[in-house]
Amino acid sequence: MLGFIARRLLLLIPVAIGVTLFTFFLVRLIPGDPAQNMLGVHATPELLAQLRARLGLDRPLPAQYFIFISQLLHGDLGTSYYFGQPVLSLVAERVTPTIFLLAYSALITTVVSFPAAILAALRRDSFWDQAVRFTFVFGISLPSYWLGIVLILLLAVAVPLFPVGGYGTTFLEHLWYLFLPALTIALGVIPIVLRALRGSLIEVLQADFMDTARSKGLPPHVVLLRHGVRNALLPAITVLAVNVGWLIGGTVIIENVFAIPGLGQLMIFAVSARDYPTVQAVTLVFAVLVVVVYLVADATYFALDPRVRGQLR
Amino acid sequence: MPGSLIAGTALLLAVLVVAILGPLVLGTDVTTLHLEDALLPPSSAHLMGTDNFGRDVLARVVNGALVDLQIGFFSVVPALCIGMLIGGLAAYYGGWADVLAMRLADIVVAFPFFVLVIAIVAVLGPGLTNMYIAVAAVGWTAYARLVRSEVLVAKQAEYVDAARALGYSDRRIILRHLVPNVGVQALIFATSDFVLDILLGSSLGFLGLGAQPPAPEWGVMIADGRNFITQAPWISTFPGLAIVVIGIAFSLLGDGLADYLRVEERR
Amino acid sequence: MTGSGVLLSVENLTTEYRTAGGGVPAVQDVSFQVHRGEIFGLVGESGSGKSTVIRSIIGLLPKPAARITRGTVRLDGLDLISLDPREMRRIRGGRVAMVFQDPMTSLDPVLPIGDQIREGLRYHGITGRAAQARVLEVMSLVGIPDAPRRQRAYPFELSGGLRQRVAIAIALAASPQVLLADEPTTALDVTIQDQILKLLLSLKEQLGMSVLLVTHDLGVVAQTCQRVAVMYAGRLVEIGPVTTVFSAPAHPYTRGLLASLPGLATGRTRLRAIPGSPPDLGSLPSGCAFRTRCPIAIERCAEVVPPLEDHGTDHLTACLRHQELGQTDD
């Protein structure tokens, strides 16, 4: 397992270099002079030159990239134009609510998708199955931010079951405050996972080894869970991992709808404040999150499918 | 022909009729303020009520249809063209071109789509044109991968060998033979991509990074109504429903198209 | 063999598939007995209904598409069709077990083979250390070497022949009285086929169990079975001891099958295939289903479904002209 992860990490090096290059050039796309942008139009030439030297802007691009990378490796993500504090500490404050929200949505997605997919696959073409299929078409057409507003209107204003926004302070409060936003994100992802899981379950249910399992005299639920779901899980994990970018993108906008002090809210704020180092850093952190999820998905695949282990041996 | 294809086509035609004829009926002036009519609930005079500036929500929703369809179109088409070109060239020539293109795609895909688009819009500045640039810069990867794998399969096919044997140039083979074969798959994908891009575009409008007020863009309208959500929920509700309708139309169309063409292939 | 030797008795079994156009009978009025300690062959072309027969016996018909509409299946006098699902599960794997056609797909790809052999045991009263001992025992019984280590292997790590041995081990784990084998060698290489058949024969000898072997291959029947039943279009057309049926087939279909078999077509230079193809079960010809392909069909064949009649000792056939056939033995 450790060897497997080490090998995967090695494969990530080119992607990591690419990602940093990309974020590095991202802020170089800004029209005009970064120093001018930072100090405003009334800055004196001396001050500008000073800042340029400090930021390394007077040096050639490869040298600037090298500085960027070495600072990154020292945990220096730059200094926020707006807050005037290290971006790293800003990100550190904001990363927990985002991850909490992501994990919460993934949990809701799982809890809803699995039983629904099993039901739909077992009773193919029944009312349930049609409902599940319709949910897909309907679900991917829902704008998440609008759904969030509707949910606030229904479950926080009309029937005040949940708070209209915020994060809370204790773990239980987090669970309560983040329920609606997590549900909103989950409702966007559930149709995708549901469809993938339904498809792979239908395929697995027709597999010969299911008959073998039945011929042993196993009860139906054992056949279904031990042989059916376990085998259907593998393709579903791939679909879930591929869509994780979508899930993370969802948090950016949903954090803004529900006023959750996470990375997404920080990012949109930084965009409107033209706080480029912060935008750059948050973009990078989100990319890291995606890569971590891919790694976790790979590791799960590794743990669940002996054939993958066999190939690597 | 699958039912979803018929339903999707019918729904899309209905949307197009409303988008084109609606403004003629309800007028195209949807930005003038009528403060005396502000926040009126739905009635026979204003079927969807009025917003906080007294503008008729129905007229704005109907005029918004063309805006959002346009957003979908200008988001999908450049990404589609760039992606097909890069993917096609990468697969056809292979070697370094292929490695370079696919590594680049790997890197872009490592970022969440939405985050990267926002980041690019952030540095270029808010607005629809910059959004189109950002979506093209990020969205080409899916098409490139799709086209690349299709071309790799098609390359083995006999008609390409035959064309080579007849002495046709590589460029001619790509244009005359591969593009029509590969294009079908890309078209199916583009249909479902259209939904995602409309969602993305309206999301950016909602966040103030896409279309700018007072444009009758649905995301912008939802953002406008957000502050009045308890007093006048209709301001945000109807544009949201409009997005759902257009989304369902394209989803059904994409699903049906995929089913239809897959069945055709099997025959 | 006498009536007390009967272990599995199938009487008038009729199984239908529901389709858009109504019920299609896949098996019609099939009766036969499998004796203790014998290998009974059920032969027919694909689509003749032979797999449906064994799936009916073990209760693994595709639901809700297929349904037994008539008949009984008795195991030692116990009617299996009338059992409720819970009781049937105790029979399945415990007293009647099944081996499937393709060992590449019949084993769960993500579980170690030891687990797959073991998991049924607890539902048949074998748990803990006894179950583990049984896994190793049954693995060596089917000839899987190095069982303590191999039990942790996954199906993808094994060859086709070994996988089929695993499938047989799974079936044997709870010591069933009857083994239903659905084309157990069809998906295997010729040399491996031979090994698996020899294994079935030796298992029958060692364990004294009965085997119902379904196959389309008369060579397999000749090599392993004591008695054989021939199926055509959902009905049995001939039953008898293998030696009798092979030397003096009493149904034109059986004759056609034997004539098209290279190893058994003695004295002939050309193989004779039966003209035409099996009929569609949804629109069977009237009377005898074989008459449209039959070289000796007469008008009356279209009027009645020929019943199974005695043609000699333990030998039954469903042909109106069987007496003439018996005399013209070529």
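When the chains are written out, they are named A, B and C in that same order, and each has its own residue count from 1.
Everything that follows uses one rule, which is that a contact is a pair of C-beta atoms (placed from the backbone, for glycine too) under 8 Å apart; a residue touches a chain by one contact, two chains touch by 3 or more.
Fair warning: this is a prediction, and the values are worked out from it, not measured in the lab.
**Q** Which chains lie in contact with each of subunit A and subunit B?
**A** Where subunit A and subunit B might share a partner, there is none at all.
**Q** Could you find the two chains linked by the most C-beta contact pairs?
**A** The chain pair with the largest number of C-beta contacts is A-B.
**Q** Where the CA atoms of subunit A average out and where those of subunit B average out, how many Å apart are those spots?
**A** That gives a centre separation of 22 Å.
**Q** With chain centres taken as the means of their Cα atoms, state the distance from subunit A to subunit C in Å.
**A** About 54 Å separates the centre of subunit A from that of subunit C.
**Q** Express in whole angstrom the distance between the two chain centres, defined as the mean CA positions of subunit B and subunit C.
**A** 57
**Q** What parts of subunit A, by residue number, touch at least two of the other chains?
**A** Within subunit A, no residue touches at least two other chains.
**Q** Could you pull out the residues of subunit B that touch at least 2 other chains?
**A** Touching at least two other chains: none.
**Q** Okay, in this complex, where on subunit B does subunit A touch?
**A** Answer in residue numbers: 4, 103-104, 106-116, 118-125, 192, 195-196, 199, 202-203, 206-209, 219, 222, 226, 229-230, 233, 236-237, 239-240, 243-248, 250-252, 255.
**Q** Provide the residue numbers of subunit C that touch subunit A in the complex, in ascending order.
**A** 58, 60, 89-94, 97-98, 100-102, 105-112, 116, 119-120, 123-124, 154, 156-157, 167, 170-171, 173-174
**Q** Can you list the residues on subunit A that touch subunit B in the complex?
**A** Counting only subunit A, the residues touching subunit B are 14-15, 18-19, 21-23, 26-27, 29-31, 136-138, 140-147, 149-150, 152-153, 157, 244-246, 248-250, 252-253, 256, 267-268, 270-272, 274, 276, 279-280, 282-283, 286-287, 289-291.
**Q** Help me check something: in the complex, which residues belonging to subunit A touch subunit C?
**A** 207-209, 211-219, 222, 226-227, 230-231, 234, 304-307, 310
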